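Before we start, here is the structure in question, set down as C-alpha cells.
Just so it is clear, A, B, C and D label the chains in written order, and each chain counts residues from 1 on its own.
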C-alpha cells in the first residue's frame, strides 16, 4: 500500500561539504514528486530563504523527516519524530552512519521505495523513557550516567524490577537500546544487539569490579539507578546530547518508551551489510 | 493450583561427597510425601538397590527430575527432560551453580513451593535445536564450534536468516541461550543475558578480527554456520558434553527448540541474587 | 646493613575509623625505638597537638614516611617522597590496598624488617614525569587524558619517540606505570604489569576504534600526546588527584622520572599474594 | 660497517601465487650481487633444480635466511635461524605480516640496506625456551597450553620464580614474547607489546575467573606451568606449529632463550607503521 507523504521536514548538519547543492537538489526532487517541504532555520538560511522553522518544531508538522548529516544530527530529532509518529530518513554526507546509512546517491531510490509502501526499508526502533528530577526524556540510543573528567570513581546502585542488582563502582553506566548498542556501549565492551530484539543493554564504563560484565535484560524491565556517591561531578547524558547534573541519592528511572521510531533504510543495504562495512568484517571467500 | 507429582527421577554426580546419605534422606522425604522415585543406575548401586535405570530413560517415566550434583550433571539430562515436559530441580552438592542453585538445606522448601503451585520457583528456559549431518540435537546452554588444541585458526561462515554475516577467523564460535550466557560464553567475553529474554548470543572464541564482538540476535533467528577451513581438527560440541567432528563445508543449522525446560529454583534466591553471589558483585552499602 | 631512621613523617586519612588510637599507638612504638616523628596538620589536630606541618612539607624533613590510610592518601605524597628519596610505608586501615598493603597488625614487623636492612621489603617503583603548559608533574600511578561527562568523544594524537602511533578516538587515554597498572588502567582493560618491568602501559578509555588495544611500550619512551579536538571539556589528571583543563592542540609530554619511589611492603606478603587476594584468584588445590 | 653475506638460504610457502617467478627473480638478483644461495627442497623442485636441502638444515649453512611466504613459514625456521645466529628477512607474498613485513617490491632496498650495515632494518627479537618431558623447544611467538575441542575447562597451576600465582581455570594459557603479542595472544585479549621491551605476556584463554586478566612479567622470569587436570585432552603448542600431548601433573618450564633472532625489516616501515596498517588505526588528520 502506497504511503501518502504531503510534507517533508529537512534538518541538516550545517557545515557538511556541499550541503547547499545537496539541499537544493533534494528540494527540486521533492517538488517533482509534488511533495512540499519545511526547512529548519539553518537550512533555510543556507539557501537564503526566510521561512525556516526551529528544528524541534518540524516533526509535528510533517509526514516525513529527512536528515542530511551524521548520526548526531539524526539523534537530535529522533525522539521528537518518534513522539509525532513521523518516520525519519537519514542521509549521510560523509562516512556511512549506523543511523544515517543512506548515501546521497541512494536518497531517491530509498524515498520511492518508502512511498511505494515497501516494507524492507522500514526499521522500527525502540526508545527509552528516562525520568529524573520530575522531568521525562526520550532517547533512541542511550541513557548514560558518567563521572566528570577529574572526579574519582563513583558508586551507582542498580535495581531491575525493584530487585537490587549491584552497587557498581565504575566511571559510569550505559543503558542502551539495541539501536544504541553500536554506539557508546560498543566502546565500553557492550555486545552488538540486532535492532528489534526486545532487550536493553547495561554496560558499565571502566568497572572497578572486573566481574561486572555487560548485561542484556528484558525490554520490559523497569530500571532504577541511584547515585550513591557524594561530592563528585556526575552527569546524566541523553543520547550523547543533553546533560543533567546529578547529586547524591538522585534517582534515574528508565523503561521503554510508549512509542517507536520508524527509521528508513536503503533497500540496497541490510543491517548485517552495515555492520560488515562499518566494522570491517571479512566476507566469505 | 497444586501440582501433582507421583514419581520423581533422581540422577546424581557419583563422586560427590556424602552422596549416599543425601540420596537416602531425599528418598525418605519423598516417601513421607507419598511420592515414588526412580533412580538412575549409578544412584541405585550407591544404595545397593537393583532397580536403577539408565539416566536417559528416566525423564520419560517421571513427573519431576531431581539432580544431585553440579551444572554438568543437570546439563546431561536437561534436553531430555525438556522434550518430555518434565521440570527439573537442581541441587548443588558443593558450590552454588547457575543451574543447580538449590543447596541441600533448601531442597524441601523448594520442592514444597513447587508442589503447592507457587510460580516464583518456576523459571522457563529456552533450548536450542542444532542440526548437523542429518542428526538433530537439543541444548540448554550452547552449541560450540571449536578448533582442536593443535589446529590453527579456523574460518567459519555465519548466516542469519539467510543473510551472510561474516567469515569469522577465530578459534571458534559459541551460540548460547540466555541460560548459557553465564557459562562458556561469559569466558569468551559474551554478555550476561537475563533468562527469558528472547535472544541468542553469538560469541566468537579468540577472534582474529578484533572488531568481531559478541552479538545478540533474535531468538527466532535461523543460524547457519559452515566450516570453511580444511584439514584442521574441528568439533561441534553440544552443552559441553557431546562432541562431533566437523569437516570442510560441514553445515550446522541452529534455531530455537519447539519446547522449553521448566527449571525449578529456590524461593529464597532470585536470578540477580545468584549473579551477585557467583560473580562477587558488591551490594549497596 | 641496618638502615638509620631518625625521623618519621606521618600522614593520615582523617576519617578512617580508630585513626586516633592507631596514631597514638604508632607514636609510642616509634618512641620506644627512639625514632622521632613529624605529623601532618590534620594528624596533629586529631591528637590535640600543635606542631603539625602541611602534608607536602613532610617528605623533605624525614627519613621515612608512614601513611595511615588508603591508596589515595599514599598517592598524594608519593611523588614528593620519591623526589626526596624518602621511602614510604603504606598502612591500610580498611581494605588491603595495592600501595597500602601493610595491615595495622604488621606495621612493626614491617618497620623492623626495613630498619634491619632486609631487602625483601623494599619495592622500588618507577614514576612518570609529565610536562604540560610549562609545568612539570610527577606521578606514581598514571597520567590520564579524559573527556568531561557531557563532552563527546575526543581525538588524541599519540607519538612515541617522535613516531606517530595513531589519532585515537576515545573517551580518553591512560599512560600508566607498572604500579598504576592495577589501578584505573585495569578498569580500562589494561594488563597487570609486574612492578619493576621497565615498561609503560598505554590504555585507551572506551576507544571508538575497536582494534586499538592496550599497549606496552618501553619505559624509556618519550610519549607525546596532543588534544586534537576543540570545544569539548577535557582534562589531564595526575594520579587521579590533580586535574588540569586542556584545550585544542595542547600537548602533554610524558617520560620516566629521574627518580624512583622506595615502597615498603610487608615481609609476609609478596606481589603475587597481593594480586591473588585483591582479585580473588584461586590457589592450587 | 658493511655486512658480509656470502650465502643466502631460501624457504618458501609452496602454494603462494607466482612463487616460481619471484624465486627466479630473487636468485638472479642475488647472483648479480655475487651472493650464493641454497634452496629448501620444495623451492628447488619448483625450479626443477636438484640440490635442495631440508628446510631445517639451511640456517646452519648460510649467512642470511630469506623467507618467501607468510608469518607461518617464517615461524617454522625462526628458532633454528636464531640458534645459528643467522638473520632472517621475511617477504610477504600476500597480505602484510607482522614478521614478513617486506613486500616483494621492497626486497632489494631492504637487502641492500642490511648489507650496507644500516641498523634501522635490524630488529632483534627475544625467544622463549620451553622445557617439557626432558625436551627443550625454542619459540619466537608463544608457548600455549590449550585444551582439546571437546575437552572441558582445564586447571593450570602457574608459578613465577617459584612463587605460586594461581590455579587458573580456563581453556588454556598463552606465554608470549613481545613478538608474539600481536599473534594469538592479541585474540585472547592480551596487550600489544613493543618488540624489544624485556617482558613476557601471560594471557589466559577464555578464563573462568573473570578477574584473571592478561599479565606482563619480567623477561627474566622463570615460569613453571603444571597441568592439574586429569583425563582431558590437553596440548602444549609451540609457535602454533609443534604440538605435544600433556597429561596430569606434566610440567612446562619456560624462560627466555640464551639467543635472539635478528629480524630484518624494510627501511620504509617502522613498527608503529606496521601496527597502524595491520590494525586499521586512524592517522592524525
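A few points about this structure:
Convention: contacts are C-beta pairs under 8 Å (C-beta built on N, C-alpha and C of every residue); 3 or more make two chains touch, one makes a residue touch a chain.
Fair warning: this is a prediction, and the values are worked out from it, not measured in the lab.
For chain B, the chain whose average C-alpha position is most distant is C.
More C-beta pairs in contact connect the chains of B-D than those of the other pair, out of B-D and B-C.
Per the C-alpha superposition, chain A sits rotated 180 degrees relative to chain B, a value rounded to a multiple of 5.
Per-chain CA centroids place chain C at a distance of 36 Å from chain D. Per-chain CA centroids place chain B at a distance of 40 Å from chain D. In terms of their C-alpha centroids, the spacing between chain B and chain C amounts to 45 Å. In chain B, the residues that touch at least two other chains are 186, 189, 210-211, 213, 279-280. By the touch criterion stated above, chain D contacts chain B in their complex at residues 72, 146-153, 170-172, 184, 186-189, 205-208, 210, 233-235, 237, 240, 243, 279. Touching chain B in their complex are the following residues of chain A: 157, 160, 163-169, 178, 181, 186, 189-194, 196-199, 201, 209, 211-218, 221, 228, 270, 272, 275-276, 279-285. Listing the residues of chain D that touch chain A in their complex gives 210-211, 213, 280.
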